[in-house]
Amino acid sequence: MTTASEVLSSIQSAFPGAVSDARVESDRRLWATIDSNKILDVCKHLTNKLNFDHYSGSAGIDWIARNEMEVVEIMASHGAHQVVAMLKVKTPRANPSVKSLTGLYWNASWYEREIWEMLGINFEGHPELYPLLLSDPLVGVWPWRKDFKGYPDYTTGERAVAIPTPDGYTEYSFPPTQAEIEAGTVPTERPKYPTFLERETREIKSDSEMIMHLGPQHAMVPGPFLLDVLVEGERVKKAFLDIGYIHKGIEKIMENRTWLQDIVYTDRMCYVASLSNNECYCGAVEKILGLEVPERAQYIRVILEELSRIQSHLIGTGEFLTLIAGVGFAPWQYMIMDRERIISLIESVTGARLTHTFVRFGGVRNDLPDGFAEQCKKDLPYMRSRIEEFIELFAQDPIYHARMENVGSISPETGKRMGCAGPVLRATGVAYDMRKEDPILVYPDLDFKVITGTRGDSADRIDVRMREILESIHIIEQCLDRIPSGPIKTEAKIPKKVPAGEAYYRVEDPRGEMGMYVISDGGDKPYRVKVRGPFYATFQTLTPLLEGTYIADAVAIAGSMDGCPSESDR
Amino acid sequence: MLKRKMIKNFTWPLKIATREIEVTRLYPEVMMELPAVERGIHELDATTCIGCGTCARVCPNSCIEMVNFKFGNPLKNKKMQFPQIDFGRCMFCGLCVDECPVECLKMGKKVIMAGWERKDIIKGPDFLATKRFSAKEVADLEAEAKRIAAEKAAAKKTAAKEGAAKEGAAKKPAKEGAAPAKKKANGAEAKPKEGGAA
Amino acid sequence: MDGLIEIITAFAAQEPGIFALIIGIIGAAVLSAVVNVGAMAVIWADRKVMSDFCNRFGPNRVGGRWGILQLGADAIKLFTKEDVIPAGVDKGVYVWAPIVASAGTMLVAAAIPFGALHIGGKDYPLVVANMDISAFYVEAALSIMSIAVFMAGYSSNNKYSILGAFRGMARMIAYEVPMGVCVISVAVMAHSLNLVEIVQSQTVWYAFAQPLGFIIFLIALVTDLGRIPFDQSEAEEEIICGYNTEYSGIRWGLLYFQEYNNFLLGSILVSLLFLGGWHGPIIPIPLLDMISPMIWLVMKVVIVIWFIILVRAALFRLRIDQVTDLGWKWMLPLSLVNLGWAVIIGSYFA
Amino acid sequence: MGISDVIPVPVAIDEEIEKWTIFGQPVAEVWFTTTEKIHQIIQMGPIKNIFNWGRKNSVYFLMQPMGCCGVEMFVFGAAPYDSDRFGCIPRNTPRQTDVMIISGYLTRKYLPVFKNLWEQMPEPKWCIAIGECAISGGPFYDSYNIVQNTGDYFPIDVYIPGCPPRPEQFLEGLINLQEKIKQRKDLREY
Amino acid sequence: MAGEPMAVVNYIPLIIFLIMGAIVPIAALAVIKIIAPNRPKRQKLSTYEGGLKPIRDAKIQYSVQYYLFAIVFVIFDVEVLFLYPWIYVYANKVMQQFMVFGLMNYAVFEMLLFIVVLLVGLVYAIKKEALRWV
């Protein structure tokens, strides 16, 4: 098995002088600063020689004190080994520019666009450096830079001025205040690029083609995002995706709240999987702090995360069923009914239905209530029987098969190349699960299988989710048998200020690999929190999948991705 | 093969249709039983609140503001400042409850709240306080506080005098010692009076 | 009683034109009330039965625990809703679409027997226009709704609507032919195209005599009504509300209402063609024996309606290309096979 | 103010209509006076109450999940809470809806879209703000991309706090809205 | 029934029903003209498309493939229309006396032949992919 130090020595021997500063945190984590000219070669080397075939995202960091910016490329492997290499590339702050990895990795595109619009780091060689999350007027203010004065000094939301356009629509402008002009937060020079609508309008080639908006308000979308399809007849020729309709700037806000307060914001990133997000953030901070979590707390976390996974899969599949069967279809309501049971279980522990704020540094908020195990033992077998019924329902329905089979198929190679995550990737047959790859908490002690599909189509994605629920039930039952008594919080005192350091922590969110990259500069607030969201990764793959399908298929494919735009927009 | 297809699609809804309706929660008539740890609307124990403002500081959303309220315990809460929560901003995360040093703030099982106006959902201590003193008790406690303050002031005076006598120095330090004590007494008095008048 | 009937038949024989006029006016008044109330009942039943399958209550706040007045509340709201005609629409067609739909359903109602009165050992069918070709006519008039759908969708100048309109049309034309062939198969067995005669000739229900035809007709009817699994023209999750996306207030209400009108009339048509119409044992109680054919018909219609609602709760929506494929590649050949079957059975065993 | 403002007479046949008379009076005038009278009768009370009864018992909401509250909105419409009991069902097009449930974050990018949806709803229409983000920007109140004080842009009738509110609170909001319609205390006059 | 003259008077009610069917919605529309609020606004009348401004007009040239559908439909519908008069022939007592091959009467034979021709046409249309959805 490859370890982090082996990777480091391999890079060092292949490219002498390329690595300027390196840190091997453990067998699984490698931090290395790479010469910006050699990053492409190093990445090629990693991919070809060392099986780093999983480009897991990148993070931009503004080191204002050192007057430089940093782009951290996060590289991992789909199961060949478990090393996560964090390759830092430095660039001067005055005119930041690094080499784009889009030539090597298909999915690097969105990550780099995001860094560009948020931090203003130029990516040489990126084919379409357009804004992704922000609305056009905001581009050019580089909101995630540390010297961005629009936040928190001058908040922007209060002064929208409605402008009716001649064709009957309302646009809003946010005229700058005197204070903002003085502070210089208003961008004077904006980069020139066509707007989203202009770009897609260019694609219309004949009179029989039209562009249809599926979103931002549409029965298909689980949250506002814009999926535009260029159709001829009903055949989708090209699809365009515009996100950012609920971009809240969580990463920026988290830099301006204390460590403890930030837990609250992780809840709201993906509201149906908030416990995983809590865990991811708290785990990263615990890693920096060097905290040990008591065993009972670990078990409680595992139980709740698996319960959370069950309810997330249920509502995701339920929503999906309404998409392909209409709201009149009864079984989707059965899913919601069953989900209410799980929600009640979670609520009896955490006290909230969706946003739990339950995981704390070095423990959990409160203990399991009396009678929780009994209630679980009553509900879980029931859940299992229900899920088996659902699996049977899907298996025997010819219309379901006609609608879903071989629709939106992803081959394992494509899935890896495009960087899909979670059930979408596993449906293609790639057994990639963070609970096995990067085990945390007590997962190594537990017995469970990684569920995989075979065809990678929409039916498989649903099937994988359903069988994952069964697996989660199995995990919870094991945990309930094994859970020890003891404290639920670490006895060590949790300091208000976290020592300087950085950590990358990965958990298996219901939607796949979620990673958080937390940097502390020793203050009472995080210096930077970078969220690598699973749906953000999967979302990118949507547009190529839709080409050549029908509109009805497009809806089914988008639904089977189990979308959570809130998490992808952050 | 063919004969088993599609059967479940029909039998399942039929099976459910024959069942008694049990999953629907009959909200306006019956509120469902909420768990003990439910994070609902805050409950303030005004008798123990010390008005430290930790809750206001820890709130990620700064929805808590400390306001005056007369039915507290002037012994513990000299400024008589109690949290007022803007439920239009509170996100029920429970951090304020966790951080409260005297555990006077709790989150109850009551969750229902609706306002016709924005100002309807800003709730002051008057709404939040489940435990509070009556006006008479407050008056008693005030008197108590006054007495204690006066005693303290007297003690300080005597201490200062003693100190002065011990050191045998000039009047200056003694005056300095006395002045703040007086101020404190005034402050403790002034706030409740204001509340009492209102 | 018998005397009255004699007088009426004598009058009808003597002055057929005036008789038809009187019957038409009375029938139109009565039937428009009956059909509309029936359609409201069907909407109400749709909501209630759907909620039954989901183990929930459905409307239960107005009009007692059964929510009987819910439809009244909906209607009042729709009447007091603002009348929005979007700027981009083709106004004439847009306005006329609901009217065409309504006129279409009334045309269907004119020729459908709503049952029969059993007086003196004889069934007197309750039908306004007892035409020789009423089966053909009703089947044709049922698809006027598709025209209205196309008008509504095409005039709306909305992309969802236009797709809904094209989908609706494609769906209608894919299933119109099998449906017509099924009606012909029934007519072959009954030796008539008159609905009353078709009912009277059903010693064996045609659902048993030609089960294939029954199934095809039911599927084609569900398609014509635009209900799941064939509701592509207003597939809410794909094209918002399809053809009526731009319709609001009472205009939408009318279109919506006519769908259910058609639903009711279509269900009656199925019962008449395949389920023996008002055939059933006569209840030997005075007065009840007179309307017992009606009771049987209503029971059959209710079962058909209930079944179609069940289908909505149970099945996935097909994709539009699958719908047309199913129509052309399976339904049409099978309906022709069924016609052959009906011809052979009809000529040797009838 | 009457229920309807001026009934617009089509421009093309405007002059034509002015020539028409009925009982010696111009048709247009008769029409206007009649509608005026009818409005006066409606405004008197009983009929208005019937209208309001219908409106309050048939509130269709726009299915527009925007955040955490969107998930609860889903549950609110489904079997466990069954909004259909109140005659409240989701519709997907704003043309057929009566109440807009703002169920989450309103960002700068989304505000014009949302305003369009609101404007495209036919009157009478109402607006419920569900959750913190819809009321005040919520936990993201100071973000660079979030619009605070939704009330400035939409006439909100009922505020429901919670983050996210329980589905019971959605029902509570609905009941409050019904009460408001019944008492004619909603922000708009019809 | 076959052989009786078609009763034209039976069609009179249809006209009344047609008028009745048209009057009801027109009356409803007249009522809302009086009692419903009417506040047209530029933005309210704009086309709805997910809340955004639609790109170009919706009135596009729909795919030609779609019209093939319509043509095939017309062919088959017209052919099925031929079946309706056939029923009258079939039901005719006189016609039933002519037997073909001593097996079936002439009308039945004719019809079976017709069905076969129709099916062949259908198979041809399917093979030519005239019925492929756009």
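We call the chains A, B, C, D and E, going by the order they appear; numbering starts again at 1 in every chain.
One rule holds in what follows: a residue touches a chain if its C-beta (ideal position, glycine included) is under 8 Å from a C-beta of that chain, and two chains touch if they have at least 3 such contacts.
Note that the structure is a prediction, hence the values are computed from the model and not measured.
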Most remote chain, CA-based centroid, reference being chain C: B
A-D or A-B, whichever has more C-beta pairs in contact: A-D
Distance between chain centroids, defined by C-alpha means - chain B, chain E (Å): 72
Separation of mean Cα positions, chain D and chain B [Å, integer]: 37
Between chain E and chain A, distance of the C-alpha-averaged centres to the nearest whole Å: 51
Chain C-chain D separation of Cα centroids, rounded to whole Å: 34
Contacts with 2+ other chains: residues of chain D: 3, 51, 78-80, 82, 85, 92-95, 113, 115-117, 119, 122-124, 137, 139, 141, 163, 166, 190
Sites on chain C at which at least two other chains make contact: 53-57, 79-84, 87, 159-160, 236, 240, 245-246, 249, 313-315, 320-321
Junction residues of chain E, two or more chains touched: 33, 35-40, 42-46, 48-52, 54, 58, 60, 62, 66, 133
Chain-to-chain touches, reported pairwise for every pair that qualifies: A-B, A-C, A-D, A-E, B-C, B-D, C-D, C-E, D-E
Chain D - residues contacting chain C, complex: 3, 50-51, 53-58, 78-79, 82, 84-87, 91-93, 95-96, 98, 122-124, 190
Touch list for chain C against partner chain B, complex: 52-57, 310, 313-315
Chain D - residues contacting chain A, complex: 62-68, 70-72, 74-75, 77-80, 90, 92, 94, 104-105, 107-113, 115-117, 119, 137, 139-149, 152-153, 163-164, 166
Residue numbers on chain E that touch chain A, as the complex places them: 42-43, 45-46, 49-56, 58, 60-66, 133-134
For the chain D and chain E complex, residues of the former touching the latter: 3-5, 7-8, 34-35, 38-39, 42, 51, 93-95, 113-117, 119-120, 122-124, 190
